[in-house]
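What follows is a single structure, and I will ask about it in a moment.
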């Protein structure tokens, strides 16, 4: 099974829409939505959720006030300012509080506590799902609010997708990657045969493209680029093409700005499905076909 | 000598696990007696540094070689320091991999057979 | 109506690409205009770009960058002479940033969170801490307005420490506008901490709505008052998607501003220009946005 990752340094470039269209154009695929912070792919592929699993990631410290001797050793040693001394509700006494959002689960507070008042819990920080869609199975997830460990959740989604895909003898795993260049993106690189980077012809689009291509290079992931909304600014599109040539990254296609992208989302369909209802001479449709053809030939 | 093969399950018919850091089991093989012991990898659920943890485990098991799919850069550093030979790109069942290894058919250390 | 000129306003969105940076940078410019109606002195305004993975505000505001500081975290360093090979440090480290391999301690700086645990517990005092660069903070000026941005070093997965350090520059007496990273992750929470008000930017599509709900959940959990800006408010040619408006009404979230889709706006953005510099109507709209924030915030108190 081959693995295609769709990423974009910048959000909102049309990564998820393109992922969904590529899924609709392919056969024998499995999908993984690794944008666990703001998963959107499910909105256009109407998943039938078959399994829901809890996701535990990281550790979090918890204090037992009845055992706490108020020595404040933990407060002194915590490097993350996660432990604070507060007045209790009667303004009578102080109380040591741990902010789970700031705690990084390093366990040093438990180590220094002389009275054993601190426990370390596994942190329930999200859920992941195995679903069925009209294109094939979809593995997706939802990370809890303000949770870390999105990298680990990405790994969970990706390895589950690989397992199911191999078992069901799927030809291609298409991964909707996370935006940015942080830890979830690094996690989503694992096992990737080709990364399709979606950008847009804006100064931010180019700036973020440079950063994400640097990251991919750092992790020796093969990259190609697709310029979405290419006709919105021809000059910037040209700049992106020149930048890619200089860095020996192939531009596999340009998609024109098309209001039907949003229309398709509102109709809960992929752009490919919407365009296929019209005539075959469509510019956007041709662009999608071209990208698909190139990506498939490169990955094989 | 002792070798470790990453395994997806705890049997000789199990496939090699392509992941090193987050493999399900380590098959610890004594290549002189052909005894095999399956050890569960507790690093599967590590929040970070699963590869490092696995490398440390392999070194602690006193293995001289590890056979797996792919080893990440951090785990590789650990294994190199521990003077463990690394064969990547290994596929097939644990039984066939042991067979091949014993017949010296492992090829170069980057795993190309 | 009172103008509250020392607020810390965070511009956030569940989804990237909705126009978060556009809103933050244009708001800052609109407010800092010398000939503007509000007359907040430029030196009393600061813009902080906390989107450290993809800091883009500078592309639009083009600040004069005056100073670049490195951001470090502490990572362990083992003195091999003193080390008694007890391996307690590697057992302690939950991040697996230290490994005990054949009599020596290997350190993996990429995995270290800088908790200081290993050096604290080492019975032989063999571990000291050295500094590792995880990113940079740039300080600059746009006219007299203060500008700050953080930048994550590529390949380093640690944004929150940079954001925390960036936010130490917040001056409570000034009007502070923060461009937050997209999403709902720890970086977003770090950016929102201590904010007076959050402007959530979205667009009228099912993606926009889904991500607005997620972002709203974060803001609710952190108990910060918020309002919504709908960007590309008339994007749809057919029918239109009113679910974002419905959601706001249902949740009683004020809609502070609607910006229509306009090819001229889009190309102005693509070039890296500010909308309020090109379109006088939008200059007025952004001042109204700020007035709406102040009014909404006041109504809460």
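Each chain gets a letter, A, B and C, in the order it is written, and its residues are counted from 1.
As a convention for this text, contacts are C-beta pairs under 8 Å (C-beta built on N, C-alpha and C of every residue); 3 or more make two chains touch, one makes a residue touch a chain.
Model, not experiment: these values are computed from the prediction.
Chemist: Can you tell me, using the touch rule above, whether these chains form a line, ring, star, complete graph or other shape?
Modeler: Graph shape here is complete: every pair of chains touches.
Chemist: Report back the single chain whose CA centre is most distant from the CA centre of chain A.
Modeler: B
Chemist: Hey, how far is the Cα centre of chain B from the one of chain C, in Å?
Modeler: One centre to the other, that is 43 Å.
Chemist: Using the average of all C-alpha atoms in each chain as its centre, how far is it in Å between chain A and chain C?
Modeler: So the centroids are 18 Å from each other.
Chemist: For chain A and chain B, what's the span in angstrom between their mean Cα positions?
Modeler: 30
Chemist: Would you pick out the residues of chain B that each touch at least 2 other chains?
Modeler: Within chain B, residues 47-48 contact more than one other chain.
Chemist: Would you give the residues of chain A that are in contact with at least 2 other chains, written as numbers and ranges?
Modeler: Residue numbers touching two or more other chains: 59, 105, 151.
Chemist: Chain C: which residues touch two or more other chains?
Modeler: 94-95
Chemist: Would you pull the chain B residues touching chain C in the complex into a rising list?
Modeler: Per the stated touch rule, the residues are 43, 46-50, 52-53, 55-56, 59, 74, 77-78, 81-83.
Chemist: Where on chain A does chain B make contact in their complex?
Modeler: 56-59, 105, 149, 151-152, 155, 159, 191
Chemist: Going by the contact rule set out above, which residues of chain C touch chain B in the complex?
Modeler: 90, 94-97, 99-102, 104, 106, 108, 110-111
Chemist: Touching chain A in the complex: which residues of chain C?
Modeler: 14-18, 21, 53-54, 56, 59-60, 74, 92, 94-95, 113-117, 120-121, 152, 154-155, 157, 159, 181-189, 205-207, 210-211, 214, 217-218, 221-222, 235-239, 241, 263, 266-267, 269-272
Chemist: Taking the complex as given, what residues does chain B use to touch chain A?
Modeler: Chain B residues touching chain A: 18-19, 22, 45, 47-48.
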